[in-house]
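Labels A, B, C and D are assigned to the chains in the order they are written; within every chain, residues are numbered from 1.
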Amino acid sequence: MHDMSAHAHVAHHAPPTSFIRKHIFSIDHKVIGKQYYGLALVAVFVGMVLSWLMRLHLGWANLAIPGLHWLSSTGAPGDVMTPEYYLQLMTMHGTIMVFFVLTTAPFAAFGNYFLPIQVGAEDMPFPHFNMMSFWVTFVAFLVLIASFFVSDGPTLGGWTQYAPLSAVGAVAGPGQGMGVVLWAASIAIFCVGQLLGSLNFITTTLNMRTKGMSLWRMPLTTWGWFITSVMGLTAFAVLMPACILLILDHVAGTSFFVASNLVLNDQLQPHAGGSTLLWQHLFWFFGHPEVYIAIVPGMGIVSHVLVANMRRPMLSHRVLVYSMGALAVLSYMVYGHHMFVSGMNPVSSIAFSFPTLIITIPSTIIVLIWIGSLYGSRLRINTASLFALGMISMFISGGVSGFFLAQPSLDIMLHATYFVVGHFHLVMAVAAIFGIFSGTYFWFPKMFGRMMNETLGKIHFWLTFVGAYCIFMPFHYLGLAGNVRRYQAFVDDYLQPLIPVHRFITVAALVTGAAQLIFLYNLIHSRFGGEKAPDNPWQATSLEWATPTTPPPYDNFGGHLPTVYHDPYQYGIEGSTGDYVMQNSPEKVQSVGEEA
Amino acid sequence: MATTVHEPPRIEQPSQPRRVLDGGGGHGNLIPPQGSLRAVEYAPPPAATGIWVGIAAISMTFAALTSALVVRRGGALDWRHFTIPSILYLNTLVLIASSVTLEIARRRVAGFMGLKAEVRSPARWLYVTLALGLLFVAGQYVAWRQLSAQGLYLASNPSSSFFYVLTAAHALHLLGGLGGLVRVMRKLGNFSLRRSTLDATSRYWHFMDVLWVYLLVLIWAKL
Amino acid sequence: MAKIFAVTIIVIAILSAIPIVRHTWWLPPDVSTHGQPIDEQMSETMAEAGLSFLAAQILLAIFIWKYSKPRPGEKIKNFPGGAMGLVIAAFLLVGTEVLALGAFGAKAWASIYLTPPSPDAMPIQVQAGQFAFYFRYPGPDGKFGPLHPDLISEANENFFGLDTTHDAASKDDIVTAEMAIPVNREIHLLMHSKDLGHSFYVPELRVHQDFVPGLDLSIHFTANKIGKYEIVCTQLCGLGHYNMKAYLEVMSQEDFDSWLKRQAALQ
Amino acid sequence: MNAHHPQKFAAAMLVAILICIGAVLVGPKVNAAADGTITGSVKLNGTAPHMKGIDMSKDPYCVKANANNAPKLENVVVGSGGGLENVVLYISEGLTSPTESTAVQVFNQKNCMYSPHVLAMDVGETFKVETSDNTAHNIHPNPNPMTGNIPWNQSQPPGAPPVEKSWKAPEFIEVKCNIHPWMHGWFAVVKGPYATTDADGNYTIKDVPAGNYTVTAWQEVYGKQTQKVTVAAGGSAKADFTFQAK
């Protein structure tokens, strides 16, 4: 069957040759993936430096941090952080980490690079949208960073940006004028970028799979990205209009989120009748899926890395996929647990508590499948697998505190305390970051054609693993003792005895943060001076290891799309190449098989 | 432990091959036809899937705005009803008419593509659609002017706030559709139009139509 | 490397559990009549979550230890029971666990939040604003005067916006900067926000509720131990959030009466 | 423009620039000697209103700092003989040339109160906000944006260096600390020479050039009163004001 598009054949893309088309405004999903990775890397170091400054301030409230006044003369006069500057750094830390690291790195960066290759496609179906997706996200990041340079500095409202604090304007505090507008604009722009990305991910998965690549033959990473993109599509499509309404409340004087008769600094505010809970509903309808957007790709990556290093398939591929799907579906039904004491109807608190508790079931299943699959495996220990196993440990530690926070009665004690901070840092931030590290050490050879240094990698792992526990485990203890989060200093009598714990955490955070410089060095050093990587250094089975060159050529497979003959993880068998058979190898295999 | 001998390698065969009209988007054409073996070659081209994904996202956005409206209205003591500008009904007719003309154009182009006897230029109908689309946007602008002439601005009242936000959001999406139409016409002009592009654009346009009718009902019933 | 890793996991898991078991940092002692179910629920959940945590970490460590050794010739084994066994185990164990927790937790929650205050509970109004709490007692007439937001002037210490010249009910209202309550008397706390979202959290009293601007909520509780406690704000409200607090003094009825008299004299 | 004669144009510009620079350098010196004074006192007639005591229990530091005195509001402070403190006196009419002031005044936060309660200043005059307290304050003035004065809100943790600011337009600006809601004071921004009454209600406006003037007294509760005075070169004029207690 032919159509008029035949006329266009000849005009089609050859690999670009100019520097700009090749490395900057590239439509190649691999370049875009690397760009996203670079953005996330810049963002994560910015976010980490912010957290250092915050931690130093929390440990020693009147400490002068030399040179801090260069960052903000009003925020740190005499190098000592003001209360508002602490909150501004905290807000930026949260926003940068959640949006520009945890969403971009595991999902947009690795997803862009590997999803098309893993399904055997030559590119995403809408490469120009894909390019826009990155550049729009980049602009969003610039807009956010720009708020550091406006007169009042960035917003201090926290990454959740609750109204009316975020909606009444500068009278509510430094950064609540222009800072919030820039914040909301940045997030709205970011949503556009992620919507374009999700559109490509979904369509690639549904339409661009190569011959033989049935849905169940897709690797778990692909499933993770696919499920995440479906979540992203719905979640970001809700956050974007919410941000626009917030901006309108600011610049156009509307009252979507601002109630009547508010008096700030002895001034009666002109707004009227808005619903403050409306923002919370809209935000958390996005916000809870967002934490799964951060962690589900990590789950996929960890599974993918683990099977290659366990030399066996997961106990059940399908159960893992169904569980990730269940997380995605349930994530929309649980958001109210963020609002147990918000003044929402107490009956709905109970209604939200049950799905929240039930979401532990698919999470438990995922963890049990991981641990159960370790049984009887031939585990290889390398940096990638260490980080993958570390992620499991972190996910367990962060996950169990979910039992507490799912219950409204315990939320009375724990809401808005460090217990919550410890919970989400472990379960979504550290776990997702471990997923990113695992993916980096695993795929770096394919992305850059060079191996990463294993010794440095292992040092990095040990410091990070022990460090992360030293930082985030004590958060739970602080929370149990009633230590409220988002305090710049602990002036309350009952919080004074907890300050030594904070100092311990600060020291741990500085050391752990410094360890990340080892990673950065390893990344840069290996990129240029690493050992040359073979095409398939881990003896892995999925299609990204079947590309004709390393890194893969412009169209991924050198003009011939592979044909897929097997389920994704044919490990632990006797194949012609060793104990594995690649997905595109036509040979017959004997294997442990998979239970459906 | 069960060691099983696998079945011979399976390659999924399409159970019911459908008519393929298009090779798909992207740089699908880099791959020589004999090498291009997709698992889903019988499935619709990416543009057809993509447009539904896009429609889902846009629906979600308007669902969020709708729920915001319902929540905001629920607790409000300051909600003021107003009669919607009557030009909106006229605009609705214009938009529906544009959908009809676009559908005519689409069928003509399809006929053209299938090399049927009738090869009359379908561009004329696309121009009409474009004109009607612009007329709709102009009509919306008139509606805003009428409303502001009554003293109802964006910030006057939550009902007028929602009116402006909903109609502006729809108009923006519609302008995107107009852009798509222009692109279709350009491609038609240099014979590089794909069937899937045309289908996707027209689906989007019809969706804008349906969305507008939904918004009109929402505005009529709730504001 | 694998063995060190396994041992590290176990050591971290056990070290993490020690402060919990020893209650090195724990909820402050309960001074409320409704707090008991919360504390029991907390211990219950801690036991179950703690056991799951230890079991999972230790199992993970054991498997890492055991299966990272090269075992030439040995084939890949499947976990006994396979995936289905694990799924069933997850549903049975975790499912019953969370349902039980959910049911008991809901009961504890309902006993606090879904019971009406008794009619003779003492009404006190609390107003949250950047960055302080102020309290209002209705005075001898037992009635709160209406609020006039346009009259709010912190400069004149009219924190609530009362019109004492025109509103009869406002004349005897007593506005205070600290909260005193009689012991063993139910308090009906009417919560009002002057500006933004704030929260009312007294850990010892097992009370935590957000202030919602434009929506006046109420909670009720009874304190059963005399003492001085801190009321802190937990909802980020701006630069002074960390220092937004007030003291809660639980007193004997006599002390409370004389305290209230003193406060009335200061108005 | 003189496109055809670029050198002429450049020369003209040079002369213009030199004249401007000269004007700026010489300008202030051509002012008439401003060495007259206006003195007087401000009194309150009637019973002074009751000033409410301040309960600072919110911040234990403030309670401790005020352990030996009972802090109360300072909206109306009456001294011996009915003298009214914190009244700002300034010349509202009759001033012909702008005055120069070089002193940098200090607005201090001490014991969780403002000292002084009212800080008068000239337009454009730089002043310092300092803190002597071991607790963080925030300084949040509330100017009317229509005047061109830009609102700000900045906190000052213990030991922080002074904040230096100035105001662009004459206005009586209320300043508040949100962390300690009872803290409020005033920046009285006026044009020209000014004075604030002391504890006994006495004042002296210095550096007044000779001329006929309208003197205005402003009190935050009782508002404004005016009087006409004549100041001879190097001489002194007297203006007493009496506010009526409400």
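One rule holds for everything that comes next: a residue touches a chain if its C-beta (ideal position, glycine included) is under 8 Å from a C-beta of that chain, and two chains touch if they have at least 3 such contacts.
Please read all numbers here as calculations on a predicted model, not as lab measurements.
*Asks:* Could you run down the chains that neighbour subunit B and subunit C together?
*Replies:* Both-contact set = A.
*Asks:* By Cα centroids, which chain is closest to the centre of the whole protein?
*Replies:* A
*Asks:* Could you work out how far the Cα centre of subunit C sits from that of subunit D, in whole Å?
*Replies:* Going by mean C-alpha positions, subunit C sits 47 Å from subunit D.
*Asks:* Mind checking the centre-to-centre distance between subunit A and subunit D? Centres are C-alpha means, answer in whole Å.
*Replies:* 53
*Asks:* From the C-alpha centre of subunit A to that of subunit C, how far is it in Å?
*Replies:* Chain centroid spacing, subunit A to subunit C, equals 30 Å.
*Asks:* How many angstrom between the C-alpha centroids of subunit D and subunit B?
*Replies:* 63
*Asks:* Quick check: what residues of subunit D touch more than one other chain, meaning two or more?
*Replies:* Those would be 59, 135-136, 138, 153, 155, 174, 176, 178.
*Asks:* Could you say which residues in subunit C touch two or more other chains, in rising order?
*Replies:* Touching at least two other chains: 75-78, 129-130, 154-155, 214-215, 238-240, 243, 245.
*Asks:* Hunt down the residues of subunit B that sit against at least two other chains at once, touch-wise.
*Replies:* Each of 1-3, 75 in subunit B touches at least two other chains.
*Asks:* If you look only at subunit C, which of its residues touch subunit D in the complex?
*Replies:* Checking each residue of subunit C against subunit D gives 129-133, 154-157, 159, 176-178, 238-240, 243, 245-247, 266-267.
*Asks:* Contact residues on subunit B for subunit A in the complex?
*Replies:* 1-6, 8-12, 19-32, 35-41, 43-47, 49-50, 53-54, 56-58, 60-61, 63-65, 67-68, 71-72, 74-79, 113, 154-155, 158, 161, 165, 169, 191-195
*Asks:* Can you list the subunit A residues touching subunit B in their complex?
*Replies:* Listed in rising order, the residues of subunit A that touch subunit B are 1, 3-5, 7-9, 11-13, 121-127, 195, 198-200, 202-204, 206-214, 233-234, 236-238, 240-242, 244-245, 248, 252-256, 260, 272-275, 277-278, 281-282, 285, 376, 555, 559-561, 563-566, 586, 588-593.
*Asks:* Inside the complex, what are the residues of subunit A that reach subunit D?
*Replies:* Against subunit D, subunit A makes touches at 61-62, 74, 77-78, 80-84, 152, 170-171, 173-174, 265-267, 489, 491, 493.
*Asks:* Within their complex, state which residues of subunit A touch subunit C.
*Replies:* Of all residues in subunit A, those touching subunit C are 82-84, 87, 156-158, 162-165, 168, 172-174, 176, 258-266, 268-269, 273-277, 310-312, 314-316, 319, 341-343, 346-347, 349-350, 353-354, 357-358, 360-361, 364-365, 367-369, 371-381, 386, 389, 392-393, 396-397, 400-401, 403-404, 406-413, 415-417, 458, 465-466, 469, 473, 477-478, 480-482, 484-494, 498, 501, 571-572, 592, 595.
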